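Got a structure here, written out as structure tokens. Questions coming.
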Amino acid sequence: MPGRNALFIPGPTNVPERVRQALNIPMEDQRAPDFPDFVRPLLADLKRVFRTESGEVLVFPGSGTAGWEAALTNTLSPGDRVLAARFGVFSDLWVQMCERLGFQVEAVDRPWGTGVPVELFAERLAADKGHSIKAVLVTHNETATGVTSDVAAVRRALDAAGHPALLMVDGVSSIGSLEFRMDDWGVDLAVAGSQKGFMLPTGLAIVGVSRRALEQIGTSRRCYLDFAAMARSVTTGHFPYTPATTLLRGLRAAVDLLLEEGLDEVANRHYRLGEAVRRAVAGWGFRLCAQAPKWHSDTVSAVVLPEGFDSTAFARHAYENFNLSFGLGLAKVAGRVFRIGHLGDLNEWMVLSALAGAELALADFGVPVELGSGVAAAQRWLLEQRAALAAAAE
Amino acid sequence: MPGRNALFIPGPTNVPERVRQALNIPMEDQRAPDFPDFVRPLLADLKRVFRTESGEVLVFPGSGTAGWEAALTNTLSPGDRVLAARFGVFSDLWVQMCERLGFQVEAVDRPWGTGVPVELFAERLAADKGHSIKAVLVTHNETATGVTSDVAAVRRALDAAGHPALLMVDGVSSIGSLEFRMDDWGVDLAVAGSQKGFMLPTGLAIVGVSRRALEQIGTSRRCYLDFAAMARSVTTGHFPYTPATTLLRGLRAAVDLLLEEGLDEVANRHYRLGEAVRRAVAGWGFRLCAQAPKWHSDTVSAVVLPEGFDSTAFARHAYENFNLSFGLGLAKVAGRVFRIGHLGDLNEWMVLSALAGAELALADFGVPVELGSGVAAAQRWLLEQRAALAAAAE
Amino acid sequence: MPGRNALFIPGPTNVPERVRQALNIPMEDQRAPDFPDFVRPLLADLKRVFRTESGEVLVFPGSGTAGWEAALTNTLSPGDRVLAARFGVFSDLWVQMCERLGFQVEAVDRPWGTGVPVELFAERLAADKGHSIKAVLVTHNETATGVTSDVAAVRRALDAAGHPALLMVDGVSSIGSLEFRMDDWGVDLAVAGSQKGFMLPTGLAIVGVSRRALEQIGTSRRCYLDFAAMARSVTTGHFPYTPATTLLRGLRAAVDLLLEEGLDEVANRHYRLGEAVRRAVAGWGFRLCAQAPKWHSDTVSAVVLPEGFDSTAFARHAYENFNLSFGLGLAKVAGRVFRIGHLGDLNEWMVLSALAGAELALADFGVPVELGSGVAAAQRWLLEQRAALAAAAE
Amino acid sequence: MPGRNALFIPGPTNVPERVRQALNIPMEDQRAPDFPDFVRPLLADLKRVFRTESGEVLVFPGSGTAGWEAALTNTLSPGDRVLAARFGVFSDLWVQMCERLGFQVEAVDRPWGTGVPVELFAERLAADKGHSIKAVLVTHNETATGVTSDVAAVRRALDAAGHPALLMVDGVSSIGSLEFRMDDWGVDLAVAGSQKGFMLPTGLAIVGVSRRALEQIGTSRRCYLDFAAMARSVTTGHFPYTPATTLLRGLRAAVDLLLEEGLDEVANRHYRLGEAVRRAVAGWGFRLCAQAPKWHSDTVSAVVLPEGFDSTAFARHAYENFNLSFGLGLAKVAGRVFRIGHLGDLNEWMVLSALAGAELALADFGVPVELGSGVAAAQRWLLEQRAALAAAAE
């Protein structure tokens, strides 16, 4: 099929050209004398992306799922209680992982389209006078439903209860895109993956670990994903086993891009572009899976198709006929939503291309949608934003 | 600036991934014993793209401008008369080249936005009983104004007049995209460049030469661009000087893509996408530089901005604020038109992205344009086309 | 520093150009409808590389170390006894991993430079009438010392004892390079990594699992590295979490290269090139860490420097002055050996370049070595081999 | 065939990784507002590589042959006399070009293996009281025979005779590798190509033009290769026709590499590596085509095979059996010499790999050569050089 594929899934995201260039390299010796001179500043700059000074950021060859497991198995012991909420595939999978790894999960079920129930968490924590809860799990951005939760509020709940549980955050589809403040929010474990906000191919689990979490060593069995061994890389610049050097070189370029743009502007840009998508969805007369504005995710929107249309068939139609890749609805919302990823190396025209393409594919699939309606709504918003920014700059 | 650049200039065009992979190679020995096994089938397949069986296609390291010069200097002698028309920058530049190379140009000036005046050419040819005109120059697709001319009609005019002049065609922005039939149309010299329909970086002048043109050797001085030396590559698979091997490897991939899609479908696709752009322009209420449908180019549209707007400033605005690259207006139409290139490795969503981006940039620049109007008009057309194709397939 | 780096470490190995081209791609949707059409044949062809028909090959994002852990935790239960031998860093690390994961290791210590003690293993297995040993661990190729062990002999010992223990093989630096016959040798778990014989960047743990091992499910806790979830990819073509699509595309190219060359010829080539290195070492008057020819590894040679020379300093000297990367001596042999990797995408001149470069660097470092002696010895061997092959072909 | 190709032809040369990364880019708009910000400093830095302050360096899409033609046709008029010498294929081809372009060539034939006959040139110039000679052509480095000529001496001869002829230098295989001083040597036209010392793919003719040459405009017909049009790029940053942007981006990286290493060190490195090749040739007991040390080229060595051996068959043998690419003997020395290119992105081990590979291939081809003899001789020289450099640094 002629022409590029339009990749608007919520990860892997589009790789920027500078990163792509950085990836086009031969292999190198990870034990070379000057390799640490490359590794150490990279790990230090990753701390800036996670906004932590006191913690460390560890990089494992693996996917975000490996990062989840590393966070759990390094700090908890079998039988430990964790508090979590389930409101989408990924928050659910993390709970399942906890169970498989032998933890007792106090899992709160919430409607898909909502996020972490902070008040309910606050109650549970306050009630847990014996501090039997060892960790609170927060899916910062539920990729399946396009819902962002309030991590800082969970920290406040912990503090209000004087509760020592570790705060573990799945930031796979938020870190590097949305506002994320590890130190300010008192996050103990922050899990990211290379293929979302870091704009790289899949293959790195990037885990922020607070000082406290580094010291709170659980008895869960682990070896590959062990923090203690990996944490030595921060000072030695060498890894406990062969690192994915190609991805690390790409990560250097990606971190440079993020820091050059500035993390605040990165988050602002994601807000502007995310809202543009939401305006388009409203323009089409559709609703989001996210049930209220406070849950709106700036990295992914799960769009509910009108009754009678199968979103899985639609995504396939868009792919096969128009070379457009949107995310499928998963599990409970399979067949009902399709997802537009809007994170990473993205700008206005790219988002408009997703919307214009989606409109075309929707109409061709038979979904009643006014042509141009979503694009125009998004354009209007983007123009307003530019005007506001220009006014603010004066 | 985050995000990709949107490249919608009328060349260089977007390089398809398969071609980009093919270009990512080390250097090789152009005198290797197996190098001819690569070159000969490539040159043979290029003949299929030019749709010539009796002629040859020669590949020079250089740009399309070198191809123009090769066509002229190999077949003509200083003082020879050529018949040409000027209706845009590129047709004009070719005439200027003729003059600088010492030919007498009978140059017909036509309004920019029109194309080759076939009737007038027919008259001149008929009147030239002594056959003093040695060549007729046809700019198949005037890239500056988005005008396609009727090459076959010029051939008919030549035949009607029984005139032996060579038919020289500038196909730089047509060959590999628009319908082009070298043998059927009796084209003697057909000039293409690597960076348009061939979807490669700039650097190859690709010249189709009829049997007759190969034999009609002029006395113009030339060496680098000599046909006789280069024509030996067709049989030997070796070149008279170091070839651009990287581009040749990329050309192999590009020719494969064209032949796999099929040249008819390539032209049909360009028609569908080109018309989508024209519908959008009409949707915005703008007009094209091309003065009538028969001149409409399916590879580039020169869009006239409403009075009072400087198209050069607009293109700069689109580039600097939105990372959108459109073609400038050149020479006579500088400041008045901007150009949307719609050729090469392109599909529906890519064209819509150009239109959605242009709409946004136009509005932001202050040009009154109804948001969504162009996108919707293009989408409507594309949907109609798909419906028609589906109906035809039943 | 001008010029290429010469990478002669025992992994990562040099990436062939075809693989490098395959890696230079944009991201793609791992849930695309046609993605399984790519995955399923790839996994099927991996079985051919492992030479298994009845087993499966599973691919995890991770390093070889993750493969070790996957092999252990999926099939064993905490407290299970395993039989292993320690004779180098990597065999030792695997034993350490067993201990950390809660298995009882019956670890036989053997001199570095020797390999798996088959007779001793046979005795232990025969003595284990109660079949308390659940797995036998074999490091097929100890990368630290350049020692290859006899996997088939361990299988024979198991069979002779009628012992049902699983046969687990670390094939990280052997599979895809040395002869490896999973079915014939009755290997239950075969661990490989992408960055050695598969000639890819680091990032994939590739694990062959016999039918029996797939069914023998241990109670060790695991989630990321779970076989059951991953094994579904063989039939569905989809993965339990985001796969490293870039590396999978590269793996496709690498597997093609291996199968096109033929696994027997791959192994033969590694023998010829490995022996060339050994001849050079003998030519220099040095000895190998491997204590007898039966232990000689065809993928890596650990070369003992003469008394008084620090091999770590030598490797640094070669790197910093000559852009030559050789492997360091590790742990017990640190400072005493340096390692020449000779596996993957390698041919005669590349091996000679390692040897000629090593000679130069050794002499420059002050090690007494006759210039040309190693190169000549290697050349002589290679010429003999060619002559023998030519004679055999007649 | 497994393993890399060893490219030791005298161009194209090996592309450094930084350049290769720079080439792996999408197309861009050559009329973008910020494009001149890229072009102007690049052209300025090229002047530093040519070591000219008063002249300009112009870059044409084309090969070195185009550069020759540009030098001639821009400054000379048909019928003009030029003084040249023929002592190899490339000096001969340049003379042939002169003839085809209508100049009167006073061509001195010299034995192949010698270079520009300065004394004879001096005589001719002194005798040409009427200054009918308009240009003196010097092939700085005759790539066919591995002969470097003394450009400065020709300048002295011109000055001694008070002769105003232009000094035209073919520096295709010297500039960027050997010492080249355009201003100091009073070179008026200096022709280079991208695929030699500039370590890029073929595709750019890079021509240094003195102030005087820019002003001395001949009446030869030309258009594509016109200096006047191209010279405007120096100030405007825009080109008269579509430039090869990819190569220009690569050129930026290549120029950076040259200037970072320092041109003196670049030349010294080529001397050290070139002499290493010559020592190896002597070690084998062979002789060079270059007849005396003063002609020795530091970028290419043409090696004479012993009587009875066909060098063309040898080069094919090396390529087909060992993946080694050496240059063929051309024209008069076809079948008698093979050429080792030793220019561009090269270091010690790479040169040794060429020599070790050549030794192997020679022996396998049946040429009597003592194994290791050439490699050892080269190593010895390289070690001496390092010792001398170290002593000098103290």
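We just call them A, B, C and D in the order they show up, numbering each chain from 1.
Assume a residue touches a chain if its C-beta (ideal position, glycine included) is under 8 Å from a C-beta of that chain, and two chains touch if they have at least 3 such contacts.
Only a predicted model underlies this, so the values are computations on that prediction, with no experimental measurement involved.
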item	value
Farthest-lying chain, centroid of Cα atoms versus that of chain D	A
Which of B-C and A-C has more C-beta contact pairs	A-C
Centre distance in Å when chain A and chain C are each reduced to the mean of their C-alpha atoms	35
Inter-centroid spacing, chain D versus chain C (mean Cα positions, whole Å)	45
Length of the line joining the C-alpha centres of chain B and chain C, rounded to whole Å	53
Of all residues in chain D, the ones touching two or more other chains	4, 14, 17, 20, 24, 26
Of chain B, residues touching chain D in the complex	4-5, 7, 9, 11-15, 20, 23-24, 26-33, 60-66, 68-69, 78, 97, 100-102, 193, 195, 201-203, 220-226, 240-247, 316, 319-320, 325, 327-328
Contact set on chain C toward chain B in their complex	17, 20-22, 24-26
Residue ranges of chain C touching chain D (in the complex, touch as defined)	1-4, 6, 14, 16-17, 24, 257, 261, 266, 269, 321-324, 345-350, 352-353, 355-357, 359-360, 363-364, 370-373, 375-377, 379-380, 382-383, 386
